[in-house]
Amino acid sequence: MVNKTLATCREAVTGVFDGATILLGGFGDPGLPGQMLEALREQGAKDLTMVHNGSGGGTHALGGLIHDGRVRKLIASFPNNPGGSSFQELYLKGQIELELVPQGTLAERIRAAGAGLGGFFTPTAAGTELAKGKETRVIDGREYVFEKPLHGDFAFVRAHRADRLGNLNYRMAMRNFNVPMAMAAKFVAAEVDELVPVGDLDPEDIHTPGIFVDRVVEVVRHPKYLEITTEGR
Amino acid sequence: MSLTREGIAYLVACDLPEGSYVNLGIGIPTLVSGFVPADREVFFHSENGILGMGPLAEPGHEDPDIINAGKQYVTLLPGASVFDHPTSFSMIRGGHINYAVLGALEVAANGDMANWRTPGEKVPGVGGAMDLAFGAQNVFVTMTHVTNKGKPKIVNKCSLPLTAPRCVKRIYTDMAVIDVTPEGLVLREFAPGLDPEAVQKLTEPPLRIAPDCKEMDIPAKFHAAQLTPR
Amino acid sequence: MVNKTLATCREAVTGVFDGATILLGGFGDPGLPGQMLEALREQGAKDLTMVHNGSGGGTHALGGLIHDGRVRKLIASFPNNPGGSSFQELYLKGQIELELVPQGTLAERIRAAGAGLGGFFTPTAAGTELAKGKETRVIDGREYVFEKPLHGDFAFVRAHRADRLGNLNYRMAMRNFNVPMAMAAKFVAAEVDELVPVGDLDPEDIHTPGIFVDRVVEVVRHPKYLEITTEGR
Amino acid sequence: MSLTREGIAYLVACDLPEGSYVNLGIGIPTLVSGFVPADREVFFHSENGILGMGPLAEPGHEDPDIINAGKQYVTLLPGASVFDHPTSFSMIRGGHINYAVLGALEVAANGDMANWRTPGEKVPGVGGAMDLAFGAQNVFVTMTHVTNKGKPKIVNKCSLPLTAPRCVKRIYTDMAVIDVTPEGLVLREFAPGLDPEAVQKLTEPPLRIAPDCKEMDIPAKFHAAQLTPR
């Protein structure tokens, strides 16, 4: 019997190696796998490349990982979110690298990785500082920038409900980066509010089919992780 | 005389037609949704995957999984939908959003716009600003007419890094409503008590005066004694 | 009050002009807007470019439109579906043009149009007859083919439930090409099993948000249109 | 001796591991799902947006909105999900499908495969064949070993238009199971009553014999007296 569930986030992050690229889901609190991040802090892997919309907040979760000096590079659209002090301090000291990507381009690069594409042309950023050094092309009279897929060695996401087959359902605005990220990594683990028996999720309510997911951990929501990760746009 | 921040937002709200799909940036734009007439259906989009966003959630009634792009707890109106980031930015980049209302630091006569890097900012962040500026059908800018130091924000050429070239359609400030057209900037309205000359004095590029240019018709509660600080 | 509903499919197709490109949703029967097609047959526009997975069947719906000589060009992945005789006959006579596109590339080109992209690189078809004359590029050691977005002047789709705001919900395997097609045309009309009041569709159950949809028509399912459109892979 | 079509499908089914995600093409591949051991969970994907597909629907119990890529009414197993075409082909092209089991007209020694244009066919159609051949982690081919005219289908070089170059991992025929490796074709199993020489005689490229090459262990009901016609 297929069983993708694990008892703890600690078990879900054991394979993370030094230098790994990690896709970290969520936007603000909804969909952020806060306990996976705490488990990752304990696990110890370093020189990580983290892919996330922001830079986390304070010294917890992603902010904590950065604060601990475990992140070599951040790929993000909005790393200067209010409260993201650890990143900002390290960045100004030259101790962390930043690849700044417009939010829509970030989402599309991750999707392209999951969809097996070699790259795409987006209009966003053409003619701006963020297109410097990038290939551009005029297509049907409009200028586009070439962007490559963004693959992860690991993706960590948070969903609402899941079954042992790895099928995931998200509540409301939890889908955000989680849906594309769960498609774009070699190993995908989800922390979820609730594990349900196979068949309880309606086929129409599964937003991330189990084919994309390797491991699932039930993590009852902790109010702490609903507060600490707040970041601005 | 000039307008309050609310006054600027009010002017934008009046111009959003029934049935339009709108994304509001941070700052003055967030105030716009509060001034849409009650009998007019306008649909607000949030980058993080919401269409049909309502007002901020009442304290104590927040749904932890419903936030806007500014990470505030918001509500959903009947008919709202939720979706993932690729879909959300397809709406933006694919030209499905009718209006993006964005704050700006500078707008040039040709519609170039800068709003993502402030001069003193050492850590850059772009968020969804570029996608919106490149993708929305109409980019409306709301801003104070001049900087804290009294310098025009509507300039011949942007000095700050661009968010997008030639993207702005209309500018709403505390002094004026100005269209960006292929023939240059066109003054459409000026704040009560001002005149076109007063607006031109604080605007770097030359303004053409629209044939039907007029003083704004705006309730007194939106009038401000002085220019609104940024 | 926004009201995107129309009483008849006839009204929904009035704007179709000679030479228009039409994205036609559905795969087999599920999601196929059969009544829109019948209305289009009556409406009379010609020299159409139809974008659909197959070529329809017999002399009804898409098959009928082709049979009537109204289609100048078909963009499809599987036009030789069993029963698609009108197309096959006209094609062999040189009376209809065909652009053959692998099914995944077809779906992705339509999505790219809806997503505002200028094109993308796909591995599919590299080194085969279907890549002839196309730009190719080796990216990270693999060969890819450049494909451009496929926009429609019109898209016609079928959904299960809808509201007056144009929000669409699909049952089971109805989503297929309908989701991307509804994003990729200037004018989008849906025929649906049932119109419901605004608010009856759960925000999580809306698969095509109203922003993409211009017109909605309630069409009770006709058994006739569940039979006639059967086509092979 | 050789195998029936069901026998070929049975061999494939035995090789699909627990928890694998599999897309079955038309023809012999569709028979595979019927031979997966009852205690083994294997998930079947359909291009039109289904994962977790079950058997064909019983007559009178068809759901009009649940069909497979061959347009047959099918069922969903518990844990199944439905999605749109872009997502479905992301599963395929993105390398998420573990096994695509496809019929073929020709397979070459280097793994080139041709299955989308039959020689006599005047109207071309490709469907999802290329996406599957390019995208799946492992492409398994099922076919009769020779054509109706007795010519080998496993050839030095494909004469028909390719579906994808160098895509095939393993070939299942009514005579043999053959792996495509960087060192060429490797014979792993031969049908009961045959020997490697008999297989080689009807195979154009040279076969290496696997060290553990053996006669198939397959129930007698799958044995056929003659080569199975195409």
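Letters are used for the chains, namely A, B, C and D, taken in the order the chains are written, and counting of residues starts over at 1 for each.
To be clear about the criterion, a residue touches a chain if its C-beta (ideal position, glycine included) is under 8 Å from a C-beta of that chain, and two chains touch if they have at least 3 such contacts.
Nothing here was measured: the structure is a model prediction, and the numbers come from that model.
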item: Chain whose mean Cα position lies farthest from chain D; value: B
item: Which of A-D and C-D has more C-beta pairs touching across its chains; value: C-D
item: Geometric centre distance via CA averages, chain D-chain A, whole Å; value: 36
item: For chain B paired with chain D, centre-to-centre distance based on mean C-alpha positions, whole Å; value: 57
item: Centroid spacing, where centroids are CA-atom means, of chain A and chain B in whole angstrom; value: 30
item: Touching two or more other chains - residues of chain B; value: 76, 82-83, 86, 89, 92-93, 135
item: Per-residue multi-chain contacts in chain C, two or more chains; value: 108, 111, 115-117, 122-123, 171-172, 203-204
item: Touching pairs among all chains present in the structure; value: A-B, A-C, A-D, B-C, C-D
item: Chain C-touching residues of chain B, taken from the complex the two chains share; value: 18-19, 21, 41, 43, 45, 51-52, 76, 78-83, 86, 89-97, 135
item: Contacting residues of chain C [partner chain A, same complex]; value: 108, 112, 115-123, 137, 139-140, 142, 144, 148, 171-172, 203-205
item: Interfacial residue positions of chain A with respect to chain B in the complex; value: 27-31, 53, 76-81, 87-88, 91-92, 98, 100-105, 107-108, 111, 122-130, 160, 171-180, 207, 221, 226, 230-233
item: Residue numbers on chain B that touch chain A, as the complex places them; value: 26, 46-50, 63-67, 69-71, 76, 82-86, 88-89, 92-93, 121-131, 134-135, 161-165
item: Contact footprint of chain B on chain C as seen in their complex; value: 1-2, 111, 113-117, 163, 165, 167, 183, 198-199, 201, 203-204, 206, 209-212
